[in-house]
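Following this line, the structures themselves.
Two complexes are shown next, each including subunit A; its partner changes from subunit B in the first to subunit C in the second.
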Partner chain A sequence: MWDQILEDAPRFFGPWNLLFLGEALVNTLLLSYIGAALGFMIGFGLAIGRHPRLYGILPVRLAATAYVEVFRRIPFLVKLMCVFFAFQLSGTQATLFTVALVTVVLSAAAFAAEIARAGIEAVPAPQWDAAEAMNFSRWRVLTRVVAPQSWRVVLPPLFGYAVGFIKSTSIASQIGVMELTYAAKILNTRGFSALLCFGTILVLYFLICWPTKRIGERLEARLGRRAKA
Partner chain B sequence: MAFLSIHGLTVSYGGKADVLRDVSLEVERGEVIGLIGPSGSGKSTILRTLVGLLKPRAGTVTLDGTKVDYGSRGSLRAARDRFAIVFQQYNLFQNMTALRNVAIAPTLVKKRGRATVEEEARALLARVGLAEKVNAYPDELSGGQQQRVAIARALALKPDILLLDEITAALDPELVGEVLDTIRALQKDGMTMLIVSHEMAFIREVASRVAFLDQGSVVETGPPAEMFDRPNSPRLKEFTSRILRH
Partner chain C sequence: MNYTLIYSQVTGHIPYLLGGAVLTLQLAVISFLAGWAIGLLNASVLHFGPRPARLAVQGYVTFFINTPLLVQIFFIFFVLPDAGILLSPYAAVAIGMSLNAGAYLTEIQRAGFQSLRREEIDAATAMGFSVPQLVWYVVLPHIAKALYPPLSNQFIIQVMTTSIAAIFAVEELTGRAYNVNSLTFRSLEVFSIVAVIYVLLTLVCSVALALLGRWLFRVKARVF
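== the complex of A and B ==
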């Protein structure tokens, strides 16, 4: 087996294949990072909109809660299909990449909302009391008092999920999005050994996930340093 | 009308029995009012209601001739601008130094210049004996030090009325003195204060008048000497005899 791999390797890592894998890598990166970034922003918005002491008015709270509870419980593949058919039904012309990106965003938003909610609730009520009694606006209570003390609770699970989303993007290969897993499948069907194809993307996934985890740890150390509530 | 006039104040938590029932109290400028009574009698609830952390169900609060409408954001803001409250658990912002804790509201909320405010904050921290601790975070300070930072933070707001909510209750006994000294100094400066406390000797010393609360109602009010030595109502008699025996 090794002989075959060694024989295949120069051809496998030829310029055309590298370009192909490079494009797939870029797509995986875009799906993961843009998806997570947009999703986390929307998720934080949902958490803020759900909180009764921030901006939580009842209809918004109910809608946000329903969204969060439902989307956290649907498998990624099912969400992907739902988004795919939703685009088809609405008659909107969307690329497969857009479908996958929207799915990652919707998914990330639901998880981030729940993580942020836990972070907000980890800040004791007396901290809110003091800020409110001193006439802090809700936005200032959030940005000056609550958020700085929440990072410590929010960041570790958030980056845990971020790594999870990177891995989930592989499921987008099921609808034919040209990302790493799909690229490996195509190269495999072109006759390259499965070990070489999937071994290569395994390394690439690791090269994305590992620094992501490190960034999370760094942020945690920086933002969480002065927030031992 | 008195500087602060509370009339018929009634407060209940979400549908349950009233925690404050028809409480009325008049406070003149420069007066120090001691609020005493058994646990759960509603003393702290009065202070929390005045700063809008609880919504009154009925009654009126009039401050310096203006009625406070707790349902209106503008009116509540105006009232919070004139009160400052110090909590039992200090409630210092854990993510800020002592100096920032004291300076944040004047700079952020009252929009005053940062340099002036920080200078004042340093002076206030020096006044409560914490000049060396300006850059310490709350978790690096003892309970007594944290409480003194909290008092400095309240004073930085330049309140018309200072509300003290059992500020020594969470402190180790040897740290109580340093906090009470700070309050004594404020009384001499003519600060109007509402003090909820179980330190009866201290109330007797600094309060110009005392209100005794039981089960959410004001049972009796009067000068401290009279209240403690010649209580009228049976409930106050029982309370003082129980407290003073120790």
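== the complex of A and C ==
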């Protein structure tokens, strides 16, 4: 086994393959970071729409709650398939990348809404009363009272979830999006040993995920310390 | 958009899909229990073990948490045969999911171990408890209540994660959805029904776990 891998390695890490993997890596990064960023923004909107003292009028609250509860309970693969076939049947010409991106956004929004809710709930009740007593508008309560206090609670876990979405994008290989996992499958089909193909992308995934996770942990330690002091 | 959703062709297959849900639960339970055992062992090592063992456990946890489960299973399924270990798809998925869950459950249980007061451990050591005895009789009963909510949360995650088994042609819920899809070509109908089944399945699990927790530990878990 090892002799064959040693023989394969120079060919595997040839310029063409490196370019191929690089392109796949860029796609994985774009898919997960853009998807997570968009999804997180929508998620914040959902959390604001769920809170009775912000913009939570009843129908909006019910819709937002239903969305969050349902989308957090469907596996990524099933969501991906639903989005994929919905695009296909609606006759829209969407690239596979768009299909995967939409799926990441839909999931990220549901998870971010829960984190943001925890952040909003971390603002103590007297602050809400005080803002109300001073006749703050909802928008001012949000931007001047809630946001400055809750971002410390909300920001660190988002990085953990971002790592989750980087990992989820590997499932997008199922519909044929040219990202790392699909690239590895193609290289494997071309006859390179499975150890080289999957081993290399495992390392690449680790190199993306680990720093992202570390940033979240560092932020949590720093912001937590400052919140206590 | 000229497509009409026709559910009537798919509804007949719902019992077949629910049969897949049983396999889904089975995979989730197996991987959760195996992962829990790995996690307990690892957390004990992190707390009481020598430095090299601690580093090994930390390496395992960091690696498995920062790489995708799908690729881990690809690795197990396609690379181990080169080394002469042939695994069935089901076994490969179960092993991959257990190792992956083991990493997360190590993290969860490590946090539980750290919440234990030093005096408890000192007292048990003074009374001549060995480390396994200490973990089983002193640490676990203390942290069981605090650990119950994150553990049941992890179980729900395991239920959803099993859908990855479909990629390896294991006929659990999602795998059977692929089968029904290729039989009826009512793709969106099939996968939307499966999505609903997943929502209901995890809801039932959440409620059952919350009730169990209330009965066992008087944990007031909220389902929503």
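Throughout what follows, the second predicted complex is superposed on the first by the 214 of 229 C-alpha atoms of A that agree within 3 Å, B and C clash if a C-alpha of one lies under 4 Å from a C-alpha of the other, contacts with A are read in each partner's own complex, and residues count from 1 in each chain.
In this text, a residue touches a chain if its C-beta (ideal position, glycine included) is under 8 Å from a C-beta of that chain, and two chains touch if they have at least 3 such contacts.
This structure is a prediction, so every number in the text was calculated from the model and none was measured.
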item: Which superposed partner A:S193 touches (first subunit B, second subunit C, both, neither); value: second
item: Which superposed partner A:P126 touches (first subunit B, second subunit C, both, neither); value: first
item: Touching partner for A:L158 - first (subunit B), second (subunit C), both, neither; value: neither
item: Which superposed partner A:L142 touches (first subunit B, second subunit C, both, neither); value: neither
item: Partner chain in contact with A:L31 - subunit B first, subunit C second, else both or neither; value: neither
item: Superposed model, subunit A: greater residue contact from subunit B or subunit C; value: C
item: Partner chain in contact with A:I48 - subunit B first, subunit C second, else both or neither; value: neither
item: Subunit A residues within the subunit C interface of the complex; value: 1, 65, 69-70, 73-79, 81-82, 85-86, 88-91, 163, 166-171, 173-174, 180-181, 184-185, 188, 193-195, 198-199, 201-202, 205-206, 209-210, 213
item: Residues of subunit A touching subunit B in the complex; value: 126-127, 129-136, 140, 144-145, 148-149, 226-229
item: Residue ranges of subunit C in contact with subunit A within the complex; value: 1-3, 62-63, 65-72, 74-75, 78-79, 82-83, 156, 160-164, 166-167, 174, 177, 187-188, 191-192, 194-195, 198-199, 202-203, 224
item: Of subunit B, residues touching subunit A in the complex; value: 48, 51-53, 77, 80-81, 83-85, 87, 89, 91-95, 104-105, 108-109, 137, 139, 157
